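Some structures to go through are shown next.
Both complexes below contain subunit A, partnered by subunit B and then by subunit C.
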Partner chain A sequence: MIFTYSELNILCCGDTPSKKKLEIFTIASNYHIMVNPSDANFYDRCVIQEIIKTAASAQQLDPSGQREFKVVVLTEVDKLTKDAQHALRRTMEKHIGTCRLILIANSTSKIIPAILSRCLGVRVPAPTEKEIISILQTVSKKEGLSLPLPLAENIAKKSNRNLRRALLSLEACKTQQYPFSPTQEVVAPDWEVFLRKTATAIVQEQSPNSLFKVREMIYELLIHCIPPEVIFKGLLKELVKNCDGSLKCEVTKMAAYHEHRMQLGSKAIYHVEAFIAAFMSVYKRFMEESMSDIF
Partner chain B sequence: MFVDRYRPVSLKNIIGQQGEQSNAKKLLNWLKNWANNQSGAKKLVRPSPWAKDNTGAYFKAALLSGPPGVGKTTTAHLVSKEVDFDVVELNASDTRSKKALSEEVSELLSNKSLAGYASERSGSDATSRNRVLLMDEVDGMAGNEDRGGVQELIALIKGSKIPIICMCNDRNHPKIRSLANYCFDLRFHKPRVEQIRGAMMSVCFREGIKIKPEALDQMIVGSNQDIRQVLHHLSLWSADQKVLDSEAVKKDSELSKKEFKIGPWDVCMKVFSESAHKGMSIHDKVSLFFHDYSIGPLFIQENYLKVSPHCARGNRNKLLEQVAKTAEVLADSDIIDKAIRTQSAWSLLPTQALYSSVCPGQYMEGHLSAQVEFPRWLGNNSKKNKFDRLSQELLTHMRLRISASKQDIVTDYSSRLRDAVVTPLVTKGSEGVTGGCKCYYLVHDVHVSKSGLLSFVKAAFTRTLNKEAHMTPFSTVSIAKKSSRVTQEDLELLDEGEEEEEEEEDDDDITKGGMIKVGKHSQKKASTSKGSETSSKGKGRVFKLNNL
Partner chain C sequence: MAWVSSTFNDVNISVKDRKRSKTTQASKRVCINPWVDEFPPLTLDDVAIHKKKLQEVQNWLIESNLRSKEKRILLLTGPPGSSKSAVIHAIARDQNISLREWVNNYSSNNDYFKENYNDLPFRGYETDFTYSQAERFSDFVFRSSKYKDLSKALNTSSNLVLIEEIPNVYVLNPLEFHRLLRKYLICCTCPLVFIISETKNNNLVKSLFPIELQEELHITNISFQIYIILTLIQYQLVFLQNAINRILNLTSNSNSPIFDSVGTTKKQFLQMIAEKSGGDVRSEEADGATKAKKDLKRKAKSVEDFIGCKDSSLILFRALGKVLYCKREKCVEKNTNNLLPPHLKNQERDSLLENPEDVFERSDSTAASFNLFLHQNCCPFFTDINDFSAAINYLGDGDIFNAYWDPTHSLENYVSSVSIRGMMHNIKRDKTTTPQTFRSLTRPDLLNVVKVSNERLQKMKHLNKYLPIGTEELTSMYIPFISKIISNSNNEVDKFTKEVGLIYPAPLNRISSQTSNTSLTESFFEALNEDEEEFHIEEIED
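And then the complex of A and B:
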């Protein structure tokens, strides 16, 4: 990754959280600026237009002592609105002489092709479970803890290849009980438990009434800023466990369909509910058919 | 004009108000006994809002509500005349802002001598005559000029020495509802077609208009049982031709059908009710949406699950299918809504009407089996925004140490952070103050504001943090402003160079924190009364899910 000499902007993408940012931190010099425009919600276009453009268009004062360009790191680029992305694409090209951009995103699917084609893509994979286990062990050694292997494996498995979550659950396990026992339970985050509960409620009863109750639960999740995409994913994962082969495909298709439409719309609850309603309808029919097959 | 020529001259002539239990009678009794009831000699109990109240003895004011043209104003005037009260009328054409009301009316109401003075000038001998204040069209008191008018009116009612009669069309308007708590509530309903027909026939006879009864019925229905409207139509047509056939009337009444506004509650009822759909064309259904297109769709989304569609009677599969279809068109409507609002494509509104109101109404056609509820989306959305703001704040503080995005803060850090920082504070009190926050550069104001701690623990926590505050080598305010990352080396430089300045900035922070604390106290109390556990109140980010 010797990008300092390249003439290209760089786009890093990878599952959250891989080592994207870390790698950039380690390599990047002290002379970079890091901006997260999507913090400004739908004003992100202004951030791009004002801050980045000014930063990018200004020449370095003393080109002999420094590099001839600045580095601007943009995080969470996939959260940018389309407007902001369009504002970015011109800036990227125009000021290539004075400014290099490093874009960080979780997925390239929400980045417009115009930006993709202007970047050198670098995919940073999420750490494997093995890697996580070894990191967990190193950390415990440094902290002076003894971590039994089964527990480390369990944490790594539960973390969903998310290193941050793994380390945080390690810490949580420690506050919960130390010395560790190999069979110690790894507590899942509250919202995950709640999401699972929601899925169970959907499977248990299919009726407008139950849909109404589920709506309340989804609201609760949304209120606490759980991204609706995560809700979709979590629900789908739980729901397909109760389906057989052909139904699995159908349900997944439905989820994808509604998730896509959610991106086009503005009120997430409408789309989550539409998905759940569709699932309930399909699932109820499926259950009754399989019941009548038995008898 | 027929309307004035045939205005009822006595209580007996008002259409639909002759009975013993009629509103006119009730109002008459209330007004007659007003002086006795309000003299203070009797102990009055506030009647329960659900109990049937025929006397209204408790109230100092009456509220007449009902659709236009059914005779509210006429009733009020005639009743006042009957009991020999002077009428002071204020209607929408008078300014009724808070100021105007308090200046003009309150004097009028509390001063008996003024009444005497006024009547003396007019030369009548009735110096001791009673007065009644008619506030017509109180639901019009919502515009800019009339700001605060309803509140002032309520205050007036409380301190009034004369009876007040208020009139309005929309009883369910939020402003009127607050007023209704202080008023003897009399609801006027539309008279039946036959009742109007009888009176109209006699008018026609006297005017020499020949009209078939069915043509008259058409006209009455077409004008929505509005007596005033019917009379207007009659006088208009009679000027044109003296013989009216039902065909012409039908055509005209269609055209003249009064556009009247109905509230979102009623819209929601109408959208789903099968009986209301009878005789409605698709255009009528679309126009339901346009009564209030910003909130109407939310009402429909909130309530569609409570409808029992008639097409799926008893068939649970069919029912779920209909629900799924409805949910999907609602999602469609959301997509259109976004297009409208972000690209200001307002020409799409009729399309949205189809998706968010007509289609759901068609799929779920039936009856509502529960009360229409206010959309919860609004409250939930603002709650979500609040939490979003809090997590953003948390992120700006923690960003220097961690690389996580906002989403990661919510999904991963929040609960752990609660365990690590707040739980010791709650369980161990002041001894539980840890250095945990220091390492994430959390400033106490953020922190304290988010925790529902006992005040002495909070104080200890603040003290400890203040002691350590000098260690924080930069002010968080600057981070928020620049939103740029200060690298570790820069920090060290700052640490040495700006120690003195930092102290000042910290002081600022402390005062800021103090202010926030005051604000949050009440919030804390509120949440305690809700009965949630202390531990779950921990951080602002704490998931209430624990309790569920």
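And then the complex of A and C:
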């Protein structure tokens, strides 16, 4: 990948924790600056401009020993606001002489075309389950653990091809029970279990009262810093399991609608709850209809 | 030097004159000033605060004098009226420390300002508008920490700089403030005390004194609490009562026959004041004063009305009730036949008794917070999930309107209108059922949820700032797993991680003890990218 340095900015994209960051680390050197500007919320525009400007304006001290440009690595570019992306495009062009950028993003869909067209896109796919299994085995070998294959497969399957998650859950499994047994249960984060419980509560009873209880559960999740987007995604995944074909489509549409509204608004709980209420009313109608069909 | 001669010669009383008249007449008049100002706590025993907190503050003062560079800055936080400034003043008086206070002055021609600056070479602050507030502030901080108050220089032991108000410049630009503090630590010798009141929506402490800065500059943070909240009611009551007793004694010594009229109920009365005030000493004293004036005429039984309920939320709850109970006119005549087409018949409602806009107007709150209260309390008023779904959609609409930020709040009324009307329209009450029973209304939990989760998120980010992963991954994957991996220890960080990551408390007894502290994943990642460290260092420097 190194040859691309001389000419172009690179855009790496790929599913969450594919190895895109790792690969960049492995080729990284001390001329790099790595920043995650999306942490700065709506100040991201200023952060980007400032960083690139300062990085680019300073010339390299020793051009013979080093390359004649600097490299800035920006992570989570897709989380940047549109404003910041436009600013990025401009600064990128302006300082092309002294500065190269490596942009890292989970998906290119949220990046404006103006940036896309200025970068060399490199897609880094998420590791396959096989790869994950082999990595899990190398790691456990290095740590002096014996990892049975079925467990490794199970972990790899549960990890959604997310390598970091696979490794974390391997370690969590180890703390829970060692030596491993092949049929051992793969540890899931508490909030996922809790979210599953919330979904069951929603399916069990559809009334304003039960919604009030569900609200408490959502609060519990929020207080553990689970982002509302994740809650939406998880809830939908669990709820859809209880629906049949046509209903699945409707529920997914509702979720998308309310999540979009959540992005427009500022208080997530209204919209999460609106989705749950909408689901409840649709589900209740569906249940009543199917009951009347039976009789 | 006046540019224009005053046309109010007849009312022109100089400050000095006023002061003198006050001291001479104090014995005659009873309540010129509020009791709060009239009777500040003079000795350490008078301050209504727990002994431990007092000890903490005193300890800090001793330490700050011993060590040269560390622990020079003290930050006192707490709700208004929890005796923060009283403690400092009392300690200063007790240990004979000369206290230098900063006062935000808005007009440049302020007598108080000059008084405070009488030891500085006069630099024409009075007419010179070129000095910004920030400049004055830093000037004050650096100079007054070096030089003692001339008037008291001989008989005071040391100096203490107290800052209760922070210039607005720094509120907008905390980095500048942090720079000032760092500079202060380098060149100054005298301890510095900041006092910041914590109110509900105030994140001044967070922005001006973030955790990183507190660690970096060794700022000691002592937070005062209202004891009512912490089950220490008894303690606090005693303290508060002592405080009030002392004041009442002082006043009754002078002349007032207040407590003859109250007589035996005195003790109950005190207890009542103490409870009502919610731990705010200042409001207590103010209440006491109000009562003292009125009590001469009324009997002790009606006192309760006067001990003003500090809760302005009563008005809010009344408005909430209006919306949620949603009274409609009894349909007298059915001439509404033609108003709605048949397919919309189910949307037909009797007309409302109260105009929703008026209700909101009277509630004396912002649309966003009113919606929060509605949201918190609406559940029991619905019986059908369809209605509820519709109503909460309107709340969502309101939220979306509210998210468009504009400085004139032009959408405010629409926000409230949409959500209140949406809510009222969908609350259907059967006319056949008996009138609804009393339901207690509560404050929204969401505020607390948002506050706690924001604090946790910030802390989490700070603790894990070297991890190359995004926020979402951090909270929804890394922390939950790590909290399962780490062993139970008393380590502050581990405890915090467990608190956030685990939803149910983990079983305490673990069979296999943890062998190594570094986690597998970390060692793996480290092995792969050894120069990761260098990245971080550069990041910090930037």
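Simple rule for what comes next: the second predicted complex is superposed on the first by the 285 of 295 C-alpha atoms of A that agree within 3 Å, B and C clash if a C-alpha of one lies under 4 Å from a C-alpha of the other, contacts with A are read in each partner's own complex, and residues count from 1 in each chain.
Here, a contact is a pair of C-beta atoms (placed from the backbone, for glycine too) under 8 Å apart; a residue touches a chain by one contact, two chains touch by 3 or more.
Bear in mind that the values here come from a model prediction, so they are computed numbers and not experimental data.
With both complexes brought onto subunit A, simultaneous placement of subunit B and subunit C is prevented by a clash. By the touch criterion defined above, A:H271 reaches both subunit B and subunit C.
Contacts of A:E288 after superposition: subunit B is touched, whereas subunit C is not reached.
Among subunit B and subunit C, the chain that touches a larger number of residues in subunit A is C. When the two structures are aligned on the shared chain, A:A172 is found in touch with subunit B and with subunit C.
Looking at the shared chain after the overlay, A:T54 reaches subunit C, while subunit B stays out of its contact range.
Of the two partner chains placed by the overlay, only subunit C lies in contact with A:V139; subunit B stays clear of it. Looking at the shared chain after the overlay, A:I223 reaches both subunit B and subunit C. Mapped onto the common chain A, subunit B and subunit C collide along 95-103, the only clashing stretch among 5-13, 95-103 or 239-247. Overlaid on A, the two complexes show subunit B and subunit C touching the same residues of subunit A, namely 16-17, 21-22, 25, 30, 33-36, 39, 75-76, 162, 164-165, 168, 171-172, 175, 189-191, 193-194, 206-209, 211-212, 215, 219-220, 222-227, 230, 258, 261, 264-267, 269-271, 273-274, 277-278, 280-281, 284. Contact residues of subunit A toward subunit C in the complex are 16-17, 21-22, 25-26, 28-30, 32-36, 38-39, 51, 54, 75-76, 79, 139, 142-143, 162, 164-165, 167-172, 174-176, 178, 187, 189-194, 206-209, 211-212, 215-216, 219-227, 229-230, 258, 261, 264-267, 269-271, 273-274, 277-278, 280-281, 284. Residues of subunit B touching subunit A in their complex: 301, 305-306, 316-317, 319-321, 323-324, 326-328, 330-335, 337-338, 341, 376-377, 380, 383-384, 387-388, 391-392, 395, 403-408, 410-413, 415-416, 419-420, 483-485, 487, 489-490, 541, 543-546, 548. On the subunit C side of its complex with subunit A, the touching residues are 368, 372, 375, 379-380, 382-386, 388-389, 392-393, 395-396, 399-400, 402-403, 445-446, 449-450, 452-453, 456-457, 460-461, 468-473, 475-485, 487, 500-504, 510, 512, 514, 519-521, 523-525, 528-529, 531-532, 534-535, 538-539, 542.
Listing the residues of subunit A that touch subunit B in their complex gives 16-17, 21-22, 25, 30, 33-36, 39, 75-76, 162, 164-165, 168, 171-172, 175, 189-191, 193-194, 197, 206-209, 211-212, 215, 219-220, 222-227, 230, 258, 261-262, 264-267, 269-271, 273-274, 276-278, 280-281, 284-285, 288.
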